[in-house]
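The letters A, B, C, D and E name the chains in turn, as written, and every chain counts its residues from 1.
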Amino acid sequence: MTSGLLFASTGALLFALGLAGVILIAHLLRRILAFNVMGSGAFLILVGLAQDNDIPDPVPQAMVLTGIVVAVAATALALALTRRLHALTGEVELPRDEA
Amino acid sequence: MTANEWLPLAVLASSLLPGLIIFVLPEGWIGLRTTLNLVGAIAKLVLVGVLLAGVAAGTEYGVRLAVLPGLDLAFKADALGLLFITLSAVLWLFTTLYAIGYLEGAPHRSRFFGFFSLCVTATMGIAMAANLFTFFVFYELLTLSTFPLVVHRGTDKAMKGGTIYLAYTLAGGTALLTGIVWLHHLLGHTEFAHTGIAAALGPEQAIQLKTIFLLLIAGVGVKAALVPLHGWLPQAMVAPAPVSALLHAVAVVKAGAFGIVRIVYEIYGVEFAQALDLLTPLAILAAITIVWGSFRALFQDDLKKRLAYSTVSQVSYIALGVALFGPIGTIGGLVHLVHQGIMKITLFFCAGNYAETLGIHKVSEMDGAGRRMPLTTIAFTIAALGMIGVPATAGAVSKAWLSAGAAAAGMGWAVWVLWTSSLLNAAYFLPILWRVWFRPRLLAWPDEHIPARPWHETAWLLLLPPLITATFTLAFGLFADSPASPLAWAKLIAEREYRAQRSDAPASPPHE
Amino acid sequence: MSLAFDVLLALSLIWSGVRCLSVERLDRAIVLFIAFGLLMALAWARLAAPDIGLAEAAIGAGLTGALLLDAWGALKRRRP
Amino acid sequence: MRRLLVGSGAAVFAVLLIGALLEPLPGGIDLRIAVASHMAASGVEHPVTAVLLNFRGYDTLLEIAVLLLAVIVILAGGLDPAVDRPRAANPILQSLARLATPPMIVVAVYLLWAGAFRPGGAFQAGAVLAAAAVLLHLTGLLPSWQRPALSLRWGMTAGFLIFLAVATGLLAQGALLRYPPAQAGLLILLVEAGLTVSLGLILAGLFLFLSRDPGDEE
Amino acid sequence: MTGLILLPLAWASLAFVLGPGRGKWLAIGGLSAQAWLAFDLAAKVGAGGTALLHPVGGWGAPLGIDLAADGLSAVMLLLVQCIALPLAIHAGAYFKRGDAAGAYFWPLAGFLIAGLNALFLSADLFNLYVTLELVGLAAVGLVAAGGGAQQVAAALRYLFATLVGSGLYLLGVALIHGAYGTVSIAILTPLVTSDAPRLVWIAGGLMLAGLMVKTALFPFHTWLPSAHGNAPAPVSALLSALVVKASFYLILRLWLGPLAPLTSAIAWLPALLGALAILWGSWQAIRAERLKRLIAYSTVAQLGYLFLIFPLLPGTDALEAGIMQAFAHGLAKAAMFVAAGVIIEATGRESVMDLSGAAGHLPLTLFAFGLAGMTLMGLPPSAGFLAKWLLIEAALDRGHWGLVAVVLAGGLLAAVYVFRVLRQAFLLAPADAVVKSVPRRLEWVAFLLAAASVLLGLRGVDLVRLLGAGA
């Protein structure tokens, strides 16, 4: 197994872990962590899978760089909303939706 | 675009444009609103006159607009359509006059007259539709534009009536749509044609065609108030009187009956429908409706409800006429389309007058009304006698042709149905006439509005329309043989519908 | 040898990922997440992607970590 | 129950995915050759930078838009009238931070310049600038940002606008972002310089707009 | 073609520079120009009959990113500009100066529209991911802007849904890239075959699933009612009319393009979910207490129709039915949310039960609501009716009577919730009702959008012709 495939498989596990976390975890801050783990998994697969014989491919690398920046933007946004919700209600979890 | 193309569109526009403008008019601009209404109604009459002359001379009017590839919004003004158009256009004028008087000082009149005009536009579209698709478009528009009129009063009771109306008509529309798309799927088009178009399909599609017929008739049968789809009509009597006139005479039930005519003659074709064994069940359904409606009318104390059940019964005369295989029955059915409209609108106008002037809503409150409101009551009497089929009225002409048609088609039982119905008609109308003319008034009127000038029994705008339509009722009976009568036009239609399929058009009227 | 290191790295990634989502205390979770980010940076380096490594360390672990810690502080302080 | 379901679902998914990953794949398109053969025309020497700012520069343009958008969303989220908590003013830390700032700026400039031929570039440089700002804030030297002044709004947007202007201007070359090989290097440097400043401000903004403690009652 | 992307990016960022609450005229000017560009593009695509291609950077796929405009893209772009421009005019009157909710409306809306236009033009799977994020985050921002706890909670709910959706999509793109080494749709389409490796099947499933989450297809719809039901009226309108259509469009692109060889096995799944969406969404709309939530649930139901077409693809009328529905629903739902905004603004009440008398005070708005309702119910002559007609014909073509039944039942259910509102509005007002006056412009925008949704029904043939171009 090449290290590319090894990390891609790791990415698959991390993605599944993160996805389950986003679905199951109620605490918003932790949910944001889970989302980031999930994203990292996808990035690892993107680069790892393209890296079958140790010569780097710049195209997926550039894509991942783009992806990381987008993920940070999303994370910051999520944190801002979480803090806002907490400031308004004192809650760190989403309230139940109205019927 | 030639004149022959834009004339049908102009007929639509003559009520659509005033309607749209009226919608945005401020409530207080009564003068402009009234002007728009009347100008539209008169312009429409003029246009219809031009069309009548043209169609009698054999000109073809038509226009089409592609909506989807292979699907056209198409209009034509043919003899059959014009019968309905003329009826609606004439009655619209009177109903508008009546409504102006009836709603004087009432709130939300811009909204009312806006939808009123849309309603008539939809009716014109139904009459001029050149294919089932177009028919359906305007058929549904009619549903939508009448709903606000039915619930116009905004009371809980009005809402209940409106909701029931919607439930029936939308469900009916769904059935109709299913049938139309199915037919379109099988045939590739749904154009009306004198010989019908369904015969193009082979016998292996007979089951499908029968199912489609059922769906289509169920769809239009709701508006035509065929039993058991008639439940909305008595409930809708909560609407103001001009709206009842619209529902019962000008637009809604007529649209349903007219749809039955188009479907039987111009989609299936009478011959093919007969070959598929579709006519006899339709005739039986119509017969059941005729008897059941009359029977239920007997027990209604509410005047408008009694009239509503009477409509249920009378409209099915048209369906019966259509289902009687042969031109004589056709003529009877078609002419009744007009006659029933004229008579029933008179009755509703009068009922409105009783309610507005004296506060009378129930048959049991009508004692002595004839002496208080003689002109209204004379109009009411003429129309009621017409409904019963007393000679010299329009109703008698219809019934004579229908009976002859039934005999000619070998459906002797239908003659008995007509007789039974006439007896029942008499049984629910004559007691009213007796009460209004011969019973003395013992109590005060429930809610009397003294008119401004005491020598008028009520406002002249309310009085004039029923008097005119009552006159028509007599005229159409007395001068049925005149070339300008509805009967003459019905003969023209029957001649054209049958010319393609059968050789002999009827030359002489049946003996009464 | 290098494969063994990669396997170790992969296992640490998974471990830190699991732990940071499951650990009881939120502050520990965030610290574990930062560690996870740094391990990711290492992985990027192993995948011959130093650009991503740099970005991951600076943005993924650094900035995100700072944001998370700051948010955690805010949420904790206002806890009644 | 839900935990078990989702957990086992995720596990099954992971197993399936890994299984599929380990299957041999048909050889696909190899872009490494294409990248290598077009490096000369890209205006930079580092392949990742070439992809980021030239070959797939359009992705980057939209990505900057996403980042700018994130700041706007944070501002739009409705900031409470902030009570800026005075940070513990540790004089030693403060002087350290003061000392560290100039070298960090130098590092940022280096990274920006280096990006043309080795790992580095606008993102990393911007991140270092942002880190400097965060450091200054944490030591109490830089207050958190309240409401962005016009200059700050310009600063955060300038990089994106320069990029957008360059991309639009290059339409004259026949396509969006079509750098003429001769000027590509210079234009990319211009774009990257603008981006470094704006990214620094945006990334710092993500922290400094948020890092306030609205309604802290104490 | 590029102008449709560059213009909104430019006015959005400039509006941000101008500062809170500013940028209205910039936006309206930009959107007017965009509308012209969209019509121009539609004319070009329609006239040429082929797709237009723009290789960004001049490289061309697979090294560079391609923009492509065929009939489908052109139709979607028309939809966006035709709805965004009136909504901008509406928003200009809706948000008062100093209104926290409107402070950053213009830049957020600008980025949203830029993202949508970019999405409809992109022919590159990864670039599409970036546009999806741009659209998703801008939409979340619009929901959250200046809002109270309920709005923020709705935004967060929406944020996580959209992030999960794009995460799944991104993983799919990563796998596709791993398998084929490219993310260009045009190049992938001939490469993917029905004997593709398992990885590609998983990738396809992930992308479709992610996009379904973003389109709020039942049972992934749970985020939608709160997001669309709590945002300010112009935002709800943008979201319901356009944003959910973007991910649907992408599903369609993938389904008809690279994933076509893989989808025949699962074609019934989206249709089944769509049918459930219609039933469940309508039922919830019938029960909803608040007017805006009713409309939001109606969106859930109406989106269901879009997914009924998948078992009918590729075939006559199916794609046309879907796009007609998307277009009709877009216009009608925008009109409906705007109308609801007017009603709520005027009466100060949000509940359906409190609408009594609204028809008397706001006749034009109620008329607009009714017209929009016509489209949702699929009554003629609206564009919604044409969509229904096409869908039923396509279903009959394949003999799928079940789909016909669902479509017809959906229309009747829609009638129940639409008339639930109209009925209430026609009731006489309680004596103590206070009605504020609202700018007429707000009412007219609702009316124009609703009228467009109906009148489009008379020109459906043009839409269908354009759709056929370059397909």
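Miscellaneous remarks
The rule we apply is simple: a residue touches a chain if its C-beta (ideal position, glycine included) is under 8 Å from a C-beta of that chain, and two chains touch if they have at least 3 such contacts.
Note that the structure is predicted; figures quoted are calculated from it, not measured.
Drop chain E from the picture and the touching chains left over make up A, C, D | B. Using the mean of the Cα atoms as each chain's centre, the chain most removed from chain B is C.
With A-E and C-D as the two chain pairs, more C-beta contacts join A-E.
Located most centrally within the structure is E, per distance between chain CA means and the overall CA mean. Annotation: 78 Å between the Cα-based centres of chain B and chain C. Separating the centre of chain C from that of chain E, both taken as means of CA atoms, is a distance of 37 Å. Taking each chain's centre as the mean of its C-alpha atoms, chain C lies 18 Å from chain D. If you average the Cα atoms of chain A and of chain D, the two centres end up 17 Å apart. Within chain C, residues 51, 55, 59, 63, 67, 71, 74, 78 each touch two or more of the remaining chains.
Looking at chain D, one finds that residues 17, 21, 30-31, 35, 48, 55-56, 59, 63, 66, 69-70, 73, 77-78, 123, 203, 206, 210, 215 touch two or more other chains. In chain B, no position touches at least two other chains. According to the touch criterion at the top of this document, the contacting chain pairs are A-C, A-D, A-E, B-E, C-D, D-E. Taken in their complex, chain D has these residues touching chain A: 2-3, 6-7, 9-11, 13-14, 17-18, 21-22, 30-32, 35, 47-48, 50-52, 55-56, 59-60, 63, 66-67, 69-70, 73-74, 77-78, 80, 123, 203, 206, 209-210, 214-215. For chain D in complex with chain C, the residues that touch the partner chain are 48, 119-121, 123-124, 127-128, 130-131, 134, 203, 206-207, 210-211, 213, 215-216. Residues 320, 359-360, 363-364, 367, 370, 374, 377, 379-381, 385-386, 388-390, 392-393, 396-397, 404, 408, 411-412, 415, 419, 422-423, 426-428, 457-461, 464-465 of chain E touch chain B in their complex. Touching chain D in their complex are the following residues of chain A: 1, 5, 8-9, 12-13, 15-17, 19-20, 23-24, 45, 49, 55, 57-59, 61-63, 65-66, 69-70, 72-74, 76-77, 79-81, 83-84, 87. Considering their complex, residues 2, 6, 9-10, 12-14, 16-17, 19, 54-59, 62-65, 67, 100, 103-105, 107-108, 111, 114-115, 118, 126-127, 130-131, 133-134, 137-138, 140-141, 144-147, 152, 175, 178-182, 187, 191, 197-199, 201-202 of chain E touch chain D.
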